[in-house]
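Below are two complexes that have subunit A in common, paired first with subunit B and then with subunit C.
Showing the complex of A and B:
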């Protein structure tokens, strides 16, 4: 509805002007007519929707007003192709100790084309999105959905410039994981719209670990959109480590399309740092007998706002989905969880489970949890659970009676709380890395 | 054993047994809504000036508000000008004994199984019967008076206890709360009023029976229950309406006030006309119910069995203001044919050590859609607040839907909130087990459903529990999964 678009937001004006400027004189001139049309549609939709306010059910608990006050420059098409040199110290932050993996680095959403950690096998192909989108043979993997309904997806659709395209050939099992490092760094406030498209063909297998790091004083708004297509019998393991620092506002939409008997595992780990993290993880189970596991762990501190929205869309019968999100809220942080499980009338014999547990450590922290089931098929087993609680006095007493100090005991309990998620990470080095990251943030003073 | 199709036909064809119309002389205000309508109602009821003003404020609020859009169903267009806002049986005066009541009316309530006559003393339930807009009889009034309990129609309370009404009306559900509550504030015609004095335990169940009879009328009653310090009351309401092709609006407001150490138990068995198998006709049951535990250690408990209405849309809520106060919500909602239920509760934890418990059981059959929507809000001062929520949904047939929308908002790190929800169908193994023991599938389903709803039915006073159980098995007759 047009009443929701907010012309008073400087960023909104900037986007509208920026789009006009770029489509008249800027970088879209050499793009295919199909891409230009897609951009225009997404832009029209975004202009209609504007930035979301708390009047939108999906943004009820996430008030963007304070984040939208700042002015940003749009990182548009003109920079695509030009990769900025990443800072060595920043890269160090993203390192996962003793992990044997291929690694690519994207700086402000642009990949320089280099792969480290060994030569890629021939059955996996990496490309810059700016190139892949123009290739008629590959462009069919883009924008799998006919029109987005979300505010930020449309913004990305209108203004995206680059990102990483991955294609794994049918039957290929890529043994070593691929570490995708996203570095965000700028001297001026920046709005970046990376687009990633990953295609795992029939019976192929790939493991991707994404790490997000940032540097610099400027405020960076990252509006990421990742489209993932997991073909029949394929297996895709996806870990997101969101370790960006202060100043970053991250809105990340990940849409996964699953075909027959495919498997998708997702781990979304959010750590203190970024001002705002909003994840929209949507898995669309488009064919039967798929399996989906979504694990989330969010540790929020300072005045951080961490919002996880997930959707599991059961469209076809005999699919299994399992979701576990755990949150630890420190200081004045706010946690939001909204998990929607939608079971269509066709999706008989669905098994869908969902759980959200929250540990509220600080007096000033807030948690808003909204699990949601919408079910139109009768022969299903669906359940969800949600809890909000704090340290068990008994458990603390038990540990303290054994000579463990209060802080150490609390640290142990937080680790144990997170364990349900971390133990599921299939790669031991990554699991150790996550545990290390958690221990960096365990409260010293929780009052 | 009948096959599935026969069974589905069976449920679909099951007639609504309270669908008759009583032929009785009525005073009906022509359809339409404007300030004059409100002045007319107020004058007709000889209301004091302050109440008229309050009604007009409500009307203003009503005009300012738009129909909501967040609900999980499509709200059919409602033409507020086509509704008549006042309908009362003619010859209306307050009866002193039941002998004076129009025999046609008595027969109606007799037919509905409501014990209005004093001979039914054995059942020990005091009844206020509301026919269309107007309370026609209240039984056991004198007996209750001895204890200082006031149980009368709202209109009577306005005349005889204006100070109590003025103090509390709109204090829990303000005149501008939502569009239907605002409409109610403007045009409410009658309802029940209860006041339990300090330290009194009401010796019998109080009950109101609502009946919509006249065509094209809306029913807008207002119930106000005040339990003074240390008192206790258990209150029941029941509702039916005749079979008609048009939809009728029922927009009531219920306000409960429990002071220190007081307890109010409010039970509803709602069986308004649900419409026919194609969804034609039926009552829109849009009710605002809210209670406040004002003092420490107060308790409010809502129990509802919802089997009727084309659309049931309500969230009986509790504001837990007093320290150590308790709120409870027990609900069974059944939807079949084209029925829709969007119901649940809201628990606002404000005081310390407040507790709430929510048990919701939804049953969907045919093309019915059942939504649970609930809010548990823990405020920053609600130290050691505790909530437990369980909502289960049962699906019978593959054309129905079950939905859960729980909202949990916590601003306090000493709170403990638990929510769990499940959705499934009746297990074939359970039916098989019962078949094996010589129980046919229909009875097996009834048995399983009753077991499923037992946690809620157990909360009802005995007389109602039996009725509710019967209602449940009639409603779902033949619906083998």
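Showing the complex of A and C:
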């Protein structure tokens, strides 16, 4: 479909050359033949698909043309494994005040192997993906997916080099959250493709908070792919704080596989800064009696484009999914929400709820909200709703009539709007941190 | 404290107030009564600064300042308080943080520093007790899930906290049962002083049994057609509003 347009994109040429270089220079020689085959399949698929255009249904409202016209160098095999030291100021940006947590820092997708905030218990293991993918016991996690339908997942599948591998042993409850800080910084325009694989074994529990920060003048395209396996009875709490700055174009695919009676909680919080944020969050409910909560909060400003695509794939009976995404669109920003809930014929007794509410603050801001329910089972409870609104004039007047200035009153109302999502964050320090991040970007209360 | 002269106002090009004259001094309680649609709530809205009302003639002087030149928040900071007929529910804004913010803004306007957490808490407890407001409600989201009576009591609690010079109670008695009415009235009576004034807007005489006014005015068709003392309220209770309507009609035909 887009084959005619992609070759004219400089990045497309760069990717094709990069993959040939990779095959010749032998950066994948240590990998299993299966993994190498998977890479080749992903590359072939990407070459066929190219970069998406607005003619693709999943990219209808997200035109990448203006973001793809820059030239990027592929962060690749030459530098892989060499960790760049992050700027102290950048790390400071990611800090969550008074949170007791383990912390790891990845710079441009590469982890230096250090853990701060205490010694990790023996029942959780962290590894560099560059090492894990060469480990025969672990490489199978990287071979699972071939022939994705998605453009960017294939690109990552073909060219990924590093990232973070996490494994939590069966029955282990990791009390302290793990803070994964992703720092992106470069002098030249860069394409980075972190690949993360996180495996939570039977009846284990882990909470991960990811924070994304960036620095420098260069344009950085982050094409991230995270695969998460939540085994039976396991509980995984996952918070993504997307606080990257201008110049960053983030395309993040997160695919979650849930097994019997497992729980997955996701918070996707996007703040003003990055030029483009596109999240593809896919939860695949592969066994019965699972529980899934997806909360999203996006605050977009400037000429930012924030696109959240979610998929809840109900494959088996008795699963519960609950999704609430709230958006605040400031200035000339654009928001996109596409929430797909797919209920297979087998998935009887499904409970699936979805809600997307938007507050459009500026006349120049836009939102495209599209709930998409496809239900093939007959004994299910499903609902969805979508709203787009402005400030309530009555509420504004009420606050002003008590002496609160107009800007401060708007700030209070934005915080109140976000509250439905922020109150669900079960870690008080993280909730306070998110509220603080929000207040940095809305009319400040000068009282 | 407040002087209203020949006030005309319209909403959506419909004339609602047609020449109101009223003078309120510190220490006084004025009741404004009248049938539905006479303009009582509109007068309250115009005084508080609701933006969909256009003042077409007249002036309002409050403490020597032109009230109509101020936006709603400045009026509030200067000491005008409107107890809403229908208080708004704002989920996600905590009652107490809202009050803290409002009080800080009002104090800043007067050149005072904000109260520290301890002082604020102490004041909040005292005022809760004074107006018999449930401590549980104080910590909830603003009016969210409050009963009608709880919302009205919250208005009086806010009034107690913000200590305005002029309080306008817009049909505070509507939807209140006798017990709630008694509590609300008791609160207002405790807050009355030589330094503040109240305008009580009501359809019924019932509230005035508890909050005894110094003056009673009857509003009809956008004008004050009769003023008197508290006995006027009793007369209205007995005779209803129809005789006033006929009076006004006669006056209109003789002109």
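In this section, the second predicted complex is superposed on the first by the 429 of 447 C-alpha atoms of A that agree within 3 Å, B and C clash if a C-alpha of one lies under 4 Å from a C-alpha of the other, contacts with A are read in each partner's own complex, and residues count from 1 in each chain.
As a convention for this text, a residue touches a chain if its C-beta (ideal position, glycine included) is under 8 Å from a C-beta of that chain, and two chains touch if they have at least 3 such contacts.
The structure presented is a predicted model; accordingly, all values stated were derived computationally and were not measured.
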Next on the checklist: Just checking: does A:57 make contact with subunit B only, subunit C only, both, or neither of them? Give me first, second, both or neither.
Outcome noted: first
Checklist entry - Is A:382 in contact with subunit B, with subunit C, with both, or with neither (first, second, both, neither)? => result first
Next on the checklist: Once chain A of both complexes is superposed, is A:442 in touch with subunit B (first), subunit C (second), both, or neither?
Outcome noted: neither
Next on the checklist: Between subunit B and subunit C, which one contacts more residues of subunit A in the superposed model?
Outcome noted: B
Next on the checklist: Quick check for you: in the superposed arrangement, does A:328 touch first (subunit B), second (subunit C), both or neither?
Outcome noted: neither
Checklist entry - Is A:398 touching the first partner subunit B, the second partner subunit C, both, or neither of them? => result second
Next on the checklist: On the A-aligned overlay, A:415 touches which partner chain: subunit B = first, subunit C = second, or both, or neither?
Outcome noted: second
Checklist entry - Which of the two partners, first being subunit B and second being subunit C, lies in contact with A:281: first, second, both, or neither? => result neither
Checklist entry - Which parts of subunit A are in contact with subunit B and also with subunit C? => result none
Checklist outcome for this item: Within the complex, subunit A is touched by subunit C residues 48-51, 71-73, 75-77, 81-82, 84, 87-88, 90-93, 98-99, 101-106, 108-109, 114, 141, 158, 162
Checklist outcome for this item: Listed in rising order, subunit B residues that touch subunit A in their complex are 70, 378, 393, 395-425, 481
Next on the checklist: If we count contacts the way the header does, which residues on subunit A are in touch with subunit B in the complex?
Outcome noted: 57, 61, 329, 345, 348, 358, 360-363, 365-390
Checklist entry - Can you list the residues on subunit A that touch subunit C in the complex? => result 392-395, 397-406, 408-409, 412-413, 415-420, 445, 447
